[in-house]
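Both complexes below contain chain A, partnered by chain B and then by chain C.
So, the complex of A and B:
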C-alpha cells in the first residue's frame, strides 16, 4: 500500500454517535479533574508548571512549518498533532472515520483513560486520531515525526501489530515555538508480535508530554529504545502490561541539557505467568539540569515465573545538577526472580586522574568516562534511525577495530 | 639533569610526608627508590604526576627545564612523564584500545605529530599484549577491569611501551608479580632504556634490580633521601633491613 495522506482534520474523531456519546462523558470527566500535583506519587519530581505557561496555552493553531521532507522508508509527519504527509507500504494507515464500528468499540474500550488528567484531556481535545496497522513483517521502521509550534498540541495514535507480525516504529519530535505537546501512542501487540519502538526527543525544546501505553499479548516482545534530551520540560511515560511469556526490554538515556528537565515514569504490570521485563535507564545530568526516573514493576498474583530487572542510574556532572530516581517492585506472586537498583554518582576522580596522567586532557577524559557510563544502554540500541540521531548528539567511541 | 628536585616539602592532610627532598636524575640513568612502608615514596610519585590532594609547601621539581609542579597532569604526560601506578584503577566501559588510542593521539598531537593510524596502533598493541602475556581479549576489555594484580602491572608496562615517555616512574612494578612476569616487566624497561630516557623505580626488593641494573639506589626516610649508593645498597637493605643502612643518617 502506498499512501499519500491529505490533511486529515481530526480524522473523524467523535463524529460517529457512539464515540460522540463517550466523548461527551469524557469531557464531563475532564471538567471534574485537575492537573496532577507533586502529591501524586508518579508526579512527585515533575516540573510540570512549564506545560501550563501562558505563552503555551490555548488549542494549537496552525503553524507555518517548513514543508515536510520525505524520509527514507516509511514515514508520517504530524504537524500540530495532525497527520499531514505520509508514505507507507507495510503499514496501513486509517483515520478514525474509516474504522468500522466493531473496531471503534474495541479501541474505545482500550483507550479508557481512568482519572488521568492528561490522558482524558488528550482524548477530549485530540487533534487527530489515526490507526496504524501492521499485518505482516516490515523490514524498515515506520518513522513518525511530530512537529509542534503553538499552543496545546494533542496527537493520538493507535497502533496494532497483528499476531506474529514484526516491525519497528521510531518517533521523533521537533518543536518550533512556545507549545505543549500532550501526545499519546497506544500499542497493541498480538500473540507473538514483535515491535521495536524508538523514541527520540532531542529536538524538543518546549513542553512535551508523551505517553506510551502498551499491551503485549502472549509471547509478544516490545523493545523500547529511547533517547531523551531537552532544554524545556518533557515527561515520557510508559504504561506496559505483559501477557503470558511476553517480554519487555526498555532501554533509555536521558541526556540532560542546561535548564532542561526530563521526567520519566514507568509503570509495568505482569498479570500473567512467565513474562520478562528488563529495564535499563541511564541519565546524564549537567549543571542546571534535572532528570527524574520513577519506575514501578507490579507483579500480580497471576504473574508467576516472572523475571524482572530494573536499573536506573544517573551521573551528575556538576554541582547544580539534580536527579531523582525511584525504582520500585511490588510483588504479589511467590515464584519470581526480580531485582532493582538505582545509583546517583559522579565521575570517578581516580579514573579521571589516571586518564589525564596518560596525556589525555581533562575534557576528553571526562567524555571517555561519560561514554563508558552510557555504553551499556547504547549497546542495546539497534535501530539505525535512533543511532543516527544519537550519534549526532554524542561523540561516540568506535571500538570497531578491537 | 633530566629531573631535578630541590627541597620538596609536601603535606597530606596537614601532615608533612616529604620534607626538603633533593634528587637528581640524569638522562640515560636508572635510579631505584627504596624505603619503609609509609615513607612517602608513592607520595613523591603522585606529586610529580600531579595527583590532587597533596599540598606542596616548598620546593620545586623540574623535568628538563619545565616546572612540573605548575603543570596540569596531562601537560606533564605530554612533557614526557609517565607514572606506572602502584595501584592502577579500573575503568569499566573504557576499552583498553580506546584508551590507548586516545592517549597516544593526545600525546602525538601535543608533540605536533599526526595521529598513528589505527592499524599500526592495533598491531603494536596486540604485539605488546602478547609479549607481556596479557589475555587475548585484553584490548576489548575495560581498562584494568577485572584484571588480576599482576595483569594490572603488566598493563602499566604495556602503556609505557606504547606511549614511549622520556621519564618513567615505576611505583612498585614488581609487587605481586610472579618470576616470569618480573622478567617481562624488566625486559620492558630494558627495551626502553636509552641515553635520552631515565627511570625511577620504586621497590622494596632487590630482585627486580638484578634484571634492571640501577645506576643509583636511594633510601627515602624522614621525608628526604636519607642514604644514596650504588646498586649494592639494595642488597645491604635486603640483608640487614633499613635500620642497618640508615644508621647514622639524619632522620
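So, the complex of A and C:
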C-alpha cells in the first residue's frame, strides 16, 4: 500500500529554481489573460458566470468534510484540491516535490497551457500537483474522489501510463458548498498503452471545470466513459492528440437537471497516420436545463488513413429545455473517412403511443424510451465503478421524466 | 494520379477572364461622405435614401472587419477601391455594342430573340444596370423587374418599405458598406397571386480595374405568388483582388414562393493565389407569412474567397426554407459558405444539402446555423453536408451550429468527408470509362441532389462548369 499521501503537507509546486522561473512566467501570462467569453468559439454556449459568483471568491472552508470512506479496491481522496488519503498498489503516486529534475522538466514542457485562461490559472494556483504512474497492468481501476466545498479549488493530476501497460482510473466529484473546482488531468499514454477513464460528475452540484488533456503514443488506446449531471454549472473538456494507429473511444451521457448547465468541449487531433476516433455523446435535457456539446476533430496533413466519427444526440424533454451542439470537422488530409451526425429532438410520439396502447403506463413508457435512447452509450460503459454510479442516477427523477 | 498531374489538370483557363475595352465614368479611389453624396445625387435619389446611406456609412466607420471565417487574405485597402464605375452611355436608349458583345461572349441572353428567350435578364456592368429584357411582357403580368435605381424612382414606397427590412444596414461590416455605397442591382416585385411568367435573371460583371462591386437585390413576392430568379457572375483576370460585397434581400409573404439560384463564377485568381474576387456577400430571406417558401440553390466555382451564408428566417407558421449548395474550390481558392435557418414560426421546415469539393491547395468550409426558437413548435430541420477531397494538399471543413430551445422540434444533421473512392474509380475504369470521365461521373453523382434543384438551363451550365473545373483531375 502506498501511504505517502496519507499526510501531504507540501503540495503545489516545489520551488526549485527552474520551476519557480516557469511558474513566474505563467503568473505573468495569467495577469494578461481574461476569462473566455461567448465570443470564443469553444465557449459560445457556456454559462460561466456561475464560476465567478462572489460567494466563491477567496472563501476558506469553514466546515469539515465527512471522513473519507474506505472504498473497495484502489483509491485516492482529494479534499479541496489536495490529496488526503490513498490506497493503491499498482500505481506509484508522487507529489511534485518528490520528482527528480528530469521528470519535472519533461512535465513542464508537456504542461504548456497556451492562452487558455482556466488552464493557466490551474497551473499558477494549483492546490496540489500529483504524478500517478503505472508501469504494468493494473486489474482494478484507481478511483479518484474529489470533494470541494469553498472558494476556488484547483487540483492538477499528471498521469503516465508506460508503454504496453494497461489500467483504468475513475474520477468522481462531490461538492459540499459554494465553490468552483477548476481541475485538470494530463494523461500521457506510452506506445501501446491502454487506459479506460471514467468521469462521473453527478454529485458536483456547484461549479465544476474539468479538463482532460491526453496524448496517445503509437497504438495507444484511450476509452473514456463519462456521465455528467449537475444542478449547477459544469464544463468538461477533452483535448486529445492521437499518435500513429492510436485509438480514442469517447462515450458520454449528459443527464440534465433543472437549472443545471452542462457544457462539453472536445478537441481531438489526429497528427499521425492510421488513428481512429469514435465519439458518441447523448444528452437528456429536462425543463430549465441546458446542455451543450462542442466537438472538433482536426485531421492534420500527416493524419492519413484516419477513421473518425462523432455522434451527438439530445432529447429535449420539456419546455424550457435548451440544447446546443456544434460538431466540427477540420480536415487537411485526403485519405480519410470522417463523419459526424447530430440530432436534437423529443421522445417519439408514435413510439410512446405504441407502448401506451399496449397497456404500459405513460411514465413507464417514457422511461423505456429514454432507456432505449441512452442504451447505445450505456452499452459502451464497461467500468463497474462507473456503472454503479450511473445506475444510482437512473431512472430519471420524476420532474425530468414528466 | 500524381499530385503534379492533378495540379496541371486543375489549372484550367478561366474563360470569362477577358476585359471589355469601353469608355467608363469612374470616381477616383477612396470612400468618404462625398462619394456617397455623389452616388446618391448621380442616381437622383430621394432624401430618405441619401440619409439611409449616410447613416449606414457612419455605422460602418465604427465597425471592425470580421475575421472569424476560415479564410486568410491580405488586408483590404478600402480607400484604394473605386466605388463607382459606369460605362458611358451614348444616349438614353442606345447601348454600346461592346457591352452587348461582352454578354454574348459570356453566353448571357441579352437579346429577346435569343435561344434562351424564356429568361428575362437584368445585366449589371460594374456599378450600373445596363439593360433589362422583357420588361413589357413582365409588366403585362404586373411583375416589376428593373434595376433598383429605377425602382427607387418609380416605386419609392415599395423600396422604402422593404429595403433593409431583412438585412438592416448595421447587420454586419460588409452589409453596412454595401448599404452606404450600393450603386445598382435588381428589384423584383411579384403581385398577389401571380406566377411570374418568365425566369428572372441578373448577370453581374465586374470590368473596371480596382473597382468594388456593391450591388443590392431586393425581391418581394406578395401573397400567393411565385418567382424563380437566377444569378450569374464573372470578372476579368487581374493580378489584383477585387471586392464584391453584395446584399440580397428576399421577402416572401403568405403562401408565396421564391426560388433563388446562383451560379457564381467570379475570377478565382491564378494557381499561386494572385488576383481573384473576394466574394463577401450577405443574402437573407424572410418567410414573412404563413406557408411561404424560400429556396436558395448555389453553385460556387469561382472567387478567390467566398464568404457567404444565404439564410432564411422562418417567421410565418408552416413556412419552408431550403438551401442546396455545391462549392468547388481548387488552386488557392478558399470558401467559407453555408446557410442559416432561423425557425421562429410553428411547423416551419428547413432542408440543407451542401456538397463541398476541394482540390489543389484550396480550403473549403461549410458553416451553418440551425436555430429553433422557443415558439417554433413542430419545427423540423434536416441537414446533410458532404465533402469530397481531391488531392493531398487541400482541406475540407464542417462547422455546423445547432441550437434548439423547443422540445417539440426535431433537428437532424449528418456530414461526411472522404476522397474520391478508389473502388468507385476502379468500377468505372473496369467498364471502359476513362479516368477523367470517371471522376466527372463520380463528382456529378456527388452533386446530383443539388443540380436537380436548379432550373434546367442553369443545371446544364453548372454541370459543364464543374466538368471544366475538374477536367483531367485523374492521370
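Going forward, the second predicted complex is superposed on the first by the 382 of 402 C-alpha atoms of A that agree within 3 Å, B and C clash if a C-alpha of one lies under 4 Å from a C-alpha of the other, contacts with A are read in each partner's own complex, and residues count from 1 in each chain.
Throughout what follows, contacts are C-beta pairs under 8 Å (C-beta built on N, C-alpha and C of every residue); 3 or more make two chains touch, one makes a residue touch a chain.
Values in this document were obtained by computation on a predicted structure and should not be read as measured data.
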Problem - Superposition on chain A - do chain B and chain C clash or fit - result: fit
Problem - Vertex chain A angle, Cα centres of chain C and chain B, expressed to the nearest 10 degrees - result: 70
Exercise for the section: Quick one: classify A:335 as touching chain B (first), chain C (second), both or neither. Expected result: second
Practice task
Mind working out whether A:375 is in touch with chain B, chain C, both or neither, as first, second, both or neither?
Solution key: first
Handout entry: Residues of chain A touched, compared between chain B and chain C (which is higher)
Key = C
Exercise for the section: Figure out whether A:358 sits in contact with chain B (first) or chain C (second), or with both, or with neither. Expected result: first
Practice task
Mind working out whether A:322 is in touch with chain B, chain C, both or neither, as first, second, both or neither?
Solution key: second
Practice task
Check the residue A:350 against both partner chains and state whether it touches chain B (first), chain C (second), both, or neither.
Solution key: first
Practice task
Using the touch definition from the top, say if A:301 reaches chain B (first), chain C (second), both or neither.
Solution key: second
Handout entry: Shortest CA-CA distance between chain B and chain C [superposed frame, angstrom]
Key = 14
Exercise for the section: Take the contacts of chain A with chain B and those with chain C, and give the residues found in both. Expected result: none
Practice task
State the interface residues of chain A toward chain C in the complex, per the touch definition above.
Solution key: 41, 285, 301, 304, 314, 316-319, 321-346
Exercise for the section: Would you pull the chain C residues touching chain A in the complex into a rising list? Expected result: 68, 372, 374, 387, 389-419
Exercise for the section: In the complex, go through chain A and note every residue touching chain B. Expected result: 348-351, 353-362, 364-365, 368-369, 371-373, 375-376, 397-399, 401-402
Exercise for the section: Going by the contact rule at the top, pick out the chain B residues touching chain A in the complex. Expected result: 49-52, 72-74, 76-78, 82-83, 85, 88-89, 91-95, 97-99, 102-103, 106-107, 110, 118-119, 122, 139-140, 142-143, 159, 163
